[in-house]
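Following are the structures in question.
Same chain, two partners: chain A is paired with chain B first, then with chain C.
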Partner chain A sequence: MDIITVSKLRKSYRKGQVQALRGLNFTVDEGEIYGLIGPDGAGKTTLFRIMATLLLPDEGTVSVDGLDVVRDYKAIRRRIGYMPGRFSLYQDLSVEENLSFFASIFHTSIEENYDLVKDIYGQIEPFKTRKAGKLSGGMKQKLALSCALIHAPRVLILDEPTTGVDPVSRKEFWEMLKRLRLQHGITIIVSTPYMDEAGQCDHIALMQDGEFLRLDTPSGIVGAYTDTLWAVQADDMHRLLDDLRACPEVLTAFSFGEAFHVTVREEARMQELAAYLAGLGHRRVEVTPIQATVEDCFMSLMKKSDEG
Partner chain B sequence: MKKQFLSFLRKEFYHIFRDKRTMLILLVMPIVLMILFGFAITTEVKDSRVAILDLSKDEVTAQLRERIAASRYFSITAGEDNISALEASLRGGKIDVAVVFGEQFASELRRGGRPSVQILVDGTEPNQAAIRTGYMQQVLAAHLHTLTEGRGVSPFPGITPVVRTLYNPQGKSEYNFVPAVIGLVLMLICVMMTSIAIVREKEAGTMEVLLASPLPPLCIVLAKLVPYFAISCLNLTTILVLSVTMLHIPIAGSLPGFIAVSLLYILVALFLGLFISTVVRSQLAAMLLSLLVIIPTIYLSGILFPVESMPVALQCVSVIVPTRWYVDIARRLMIQGVELRYVWRETLVLLLMAGVLLGVSWKKFKIRLE
Partner chain C sequence: MKGVLMVIRFLIEKEFKQMMRTRVLPVVFVMLPLFVLFLMPKAATQEVKNLKVCVVDNDHSPLSARLVHKLSASTYFVLTETCPSYREALHCMEAGRADFIVEISPGFERELVAEGGSRVLVSVNGVNGVKAALGSSYLSQILTGYAAELWEEEGLLASRPVLAGLDVCPRYLFNAGLDYTVFMVPGLMAMLLVLVVGFLPALNIVGEKERGTIEQINVTPVGRFDFILSKLVPYWCVGLFILFYAMLLARVFYGLVPAGSVGLLLLFATLFILVVSCLGLIVSNYSDTMQQAALVMFFFLVIFILMSGLLTPVSSMPAWAKAVTYLNPLRYFIEALRMLYLKGSSFLELLPQFVALSLYAVVVWTWAIVSYKKNR
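Coming up: the complex of A and B.
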């Protein structure tokens, strides 16, 4: 069953000069983790704010749990847990005071819904008298999630919850989200600029310039990738990128961790590319075939949408 | 709703109590201002240096001289024997006040005539000149009153001092600063602190969470205003107690009336702060806009310069300054001691301002982010 339905959604700023959302359509199933993946400025925050009844759409409709975000905004505000891009906590209030405040404005208390948050809040409870401003990024994130969760919402809307948080906390965070979905059946819609987090979602939408490039499961998106993809490494990585991009066999070349991911023409051979690069004076050239990741798919889709 | 509100209110008090700078501004500033003003006033009137030119040299002028010397406001530093020497010391800043007794002072008084006495003051600082003149007149009149009373002779016509204010003959000033301090302090606290407190939520992003919650906007606004209302009341009390105990400024008119009008003024200032918070996005902008409101207030409210002596254009502008009306009411209630019904027009203006500001803010307060 669909818990969120978005259709023909458009939103622009500054009297239409900036098109933030250009006609979005998608649905979110009840009880799934739906990921919105895209770089800064793709329109993720605008979309989330509309779902959280904080912005009005220019065109199109959005319904959350069967309620219209414009007409029934009051009812929706009781059913969603919204966590904005920055961890919106009161820095001068302690961990416990923050959580208890957010519980009270939703007509509940920490005790009443402790079961729901104990998995997350339990981790920071030893520091409950510490001021929120003195917490580490990972702890702030856990507190903010606890605050968004304390009133047992039907839907959690999390805007870039892992931005600015260390890799270990990021991993832990996704584990927490998965447990929430499994144990409490909460629908979670989450945005992130990190492509490597896409695999944690049930469905993802790749977003760019206010449009969806593709909506699918992570494996569906990777499976639809048809290009030949190699990872290339050499000693002088800086010069390597220029040489790769100048090579007629190479279609695209992007930096990806320690290597470059290149897509090549179908008839290209790995040995030929290695020999070509060695001929240009590169030492210790390594070319290996690899499986596409969501990021490769995103790059490829982005390029196609630019060309199209 | 009630539990939500109380919880929000507690949070607001936490914000205030945990920020030392805020606390300092809120609680210490009014006291410092009062002591500063009060101290300035007491040093002005005490120990004024007096020179006496006695052309009569009889027993009455001798008594008067002793009376002046005994007063805690004056100390006689010199006697001069001609008027030009007197003026020279006045001009040279050696003395603050000069008293000239006319010839045959005692016999003139005995005959029931009008002996002449002249008081010369340095009018460079009009406040001080007016106060010194007043004190000198009191000292002289009090003594002559006892003299004539004992003999069953009416003190009138008595003597009529001829007062001449030198260097600034038109000098006009008020020293009834207590209403002005209340007017300013409340403005600062209510407008600046309130607008900053609301805008801080926008800046920190917490407003986004509050708006996306079922919290009614009225609850947010009320919880923001109530603490500053309470603190303003506390400050009002402090200032009044200080002015009565430390500065011995009595409240001449009705105290409940004065408090009622002050509470109304606090509301006007709170709503002004609320209004500012609805038009700006950052704390810095809130502070600048508040200052932009408060600084003209100092000049246009009659605290420093009388409104009547301003150019007509500025007088018209001063009509929209709430402090102008409040200071006017407060001075009349506190210093002149008139009854509340004599200031109903000014009170009505404040009421109107409160209504308009609240209405506009309420309309502008957003239930969404745009």
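Coming up: the complex of A and C.
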């Protein structure tokens, strides 16, 4: 069952000068975690604000839980929980006051939906009298998620919830999202600029310049990757990148953690590349074949879309 | 319906919590009326006192000395210098040590005795027009008085003083002593309200925009009407608190109590606070930053205060300025407040002000609700 349907969605700013969304089509299944992955400026926030009924689309339709975002915006607001990219709770109210405020304006109370948030709110409950502005980044994020959940929404829309959060809290956050989906069947649509978080989602959409490069499951996207991919390392990494890009056998070379990921022509051989680099004076050259990650796929898709 | 009321209650509760937690606002609510009512009537008085007079006595006779003494005895004037020549007296004025120069001609006494009249030259520093006009009229009163004295005593003067033939005896109604504070205090109360309940709402919604909290409110089912109402009620309470507190201060400091009904005062205050806070919210709705909202509201408040009749009477404004004051809610409120405080006017007499403020209230409230947009 599709819970979100987006079709031919367009939005532009400054009287059409900036095209934020260029005709998007996609659907989200009920009860899945759908990831929207792309760099800053890809149009993720614009798309989310339209789904959250905060922005009117120029063209196309969006329906959430069978309701149209333009016509039935009032009803939709009861069924979604939206967490903006920027922390937007009242910093001068305490943790508990914030949560109870958002509960009461949805005609409910913390007690009524405690079951839903106890997993998350329980972690910050010891600090419930503290002002929200005085919380750490990870705690703020947990409070924001609790506030978005307190009225038992059917769909959670989370705009870059893990940006600016430490790796441990990020991991914890994804665990919380997975439990929400499993235990309460909540559909979650989440955006992130971090490619390594793509694997946590059931489906992902790779987004660039207001368009989708590809929509698939994470494994589907990785599986569709056909290029030969190697990781290359050597002592002088800085010079290595220039030399790799100058090598006629190498198609692309990107920095990736400790190594460079390079795609090469089909006929290329690892030993030949290692020998070629050693010939250029590189020492301790290591070339190893690797499995493509979502980021590799994104890079390759981006390059193809630029060329096309 | 019950649910909606609950939501409004929680929204209002939240506004109060936030207002009280700023720490600075409760202090402002208490201290501002205290300062304004205690200091302003004393400082903003238009009575002219302590005018600096420099005398050039070229005669040095008993009669000229008596004139100088009479000048310095007046509470309006302070004799700062006596100069030997007009030139030096002019230097005094340039240096700011004199507002008036009184030059007594040589042979003053001789001419008075022999011819029954003489001349006194008065030069006035005209930079401050009010001071100059009032001061020179006081000065000529003293001179005429002196002439009348001499005439009565010794029949020295050939002609009678000009005013002596007609005795005008005014009786001032509603403010018997023409006490300036009685006139100023009700106006200052209105100014206090404008400053607090006009300025704070202007910063409120735009503040939520700046902090991003408006995003979270906008995805809730809270309606525009409820939202604006919840923003208004706290300012309404604060405004009434300030008004009653100011009335108490007026009584303690100046023994001033309203001659008219307090109920009417409350009615007008309610309407007026609604109008001013709605104007603030409208400014807030159209602004993107708090700085922008503050500047726009400041612009309006200055115009409201200057065009209200608080400091200068509306009746003496040019026609175009008078026309502008009809658009100024503060004008009606100050009128109503002064009429209630000084004259004890009835509701029927205040009907024009009531109708004007009510119309204003309906327009700005609707505007405040419509201009608040949850999605763009």
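Here, the second predicted complex is superposed on the first by the 308 of 308 C-alpha atoms of A that agree within 3 Å, B and C clash if a C-alpha of one lies under 4 Å from a C-alpha of the other, contacts with A are read in each partner's own complex, and residues count from 1 in each chain.
Rule of thumb we're sticking to: contacts are C-beta pairs under 8 Å (C-beta built on N, C-alpha and C of every residue); 3 or more make two chains touch, one makes a residue touch a chain.
All figures in this text were calculated on a predicted structure; none of them were measured in a lab.
Undergrad: Assess the superposed three-chain arrangement around chain A: do chain B and chain C clash, or do they fit?
TA: Pair status: clash.
Undergrad: So, A:R283: does it touch chain B (first), chain C (second), both, or neither?
TA: neither
Undergrad: Of the partners chain B and chain C, which touch A:I80 in the superposed model: first, second, both, neither?
TA: both
Undergrad: Between chain B (first) and chain C (second), which, if any, makes contact with A:K15: first, second, both or neither?
TA: It touches nothing on chain B or chain C.
Undergrad: Among 22-30, 58-66 or 148-156, which stretch of chain B shows C-alpha clashes with chain C in the combined arrangement?
TA: 22-30
Undergrad: Jot down the residues of chain A that show up as touching in both complexes, chain B in one and chain C in the other.
TA: Common interface on chain A, chain B vs chain C: 52-56, 73-74, 77-78, 80, 82, 84, 86, 88-93, 97, 101-102, 104-107, 147.
Undergrad: Can you list the chain A residues touching chain B in their complex?
TA: Residues 49, 52-56, 73-74, 77-78, 80, 82-86, 88-93, 97, 100-102, 104-107, 147-148.
Undergrad: Under the touch definition given earlier, write down the residues of chain C that touch chain A in their complex.
TA: Residue positions touching the partner: 3, 6-7, 10-11, 14, 17-18, 21-22, 211-216, 218-222, 374-376.
Undergrad: Would you mind writing out the residues of chain B in touch with chain A in their complex?
TA: Result: residues 3-4, 7-8, 11, 14-15, 18-19, 204-206, 208-215, 367-370 of chain B touch chain A.
Undergrad: Any idea which chain A residues touch chain C in the complex?
TA: On the chain A side, the touching residues are 52-56, 73-74, 77-78, 80, 82, 84, 86-93, 97, 101-102, 104-107, 147.
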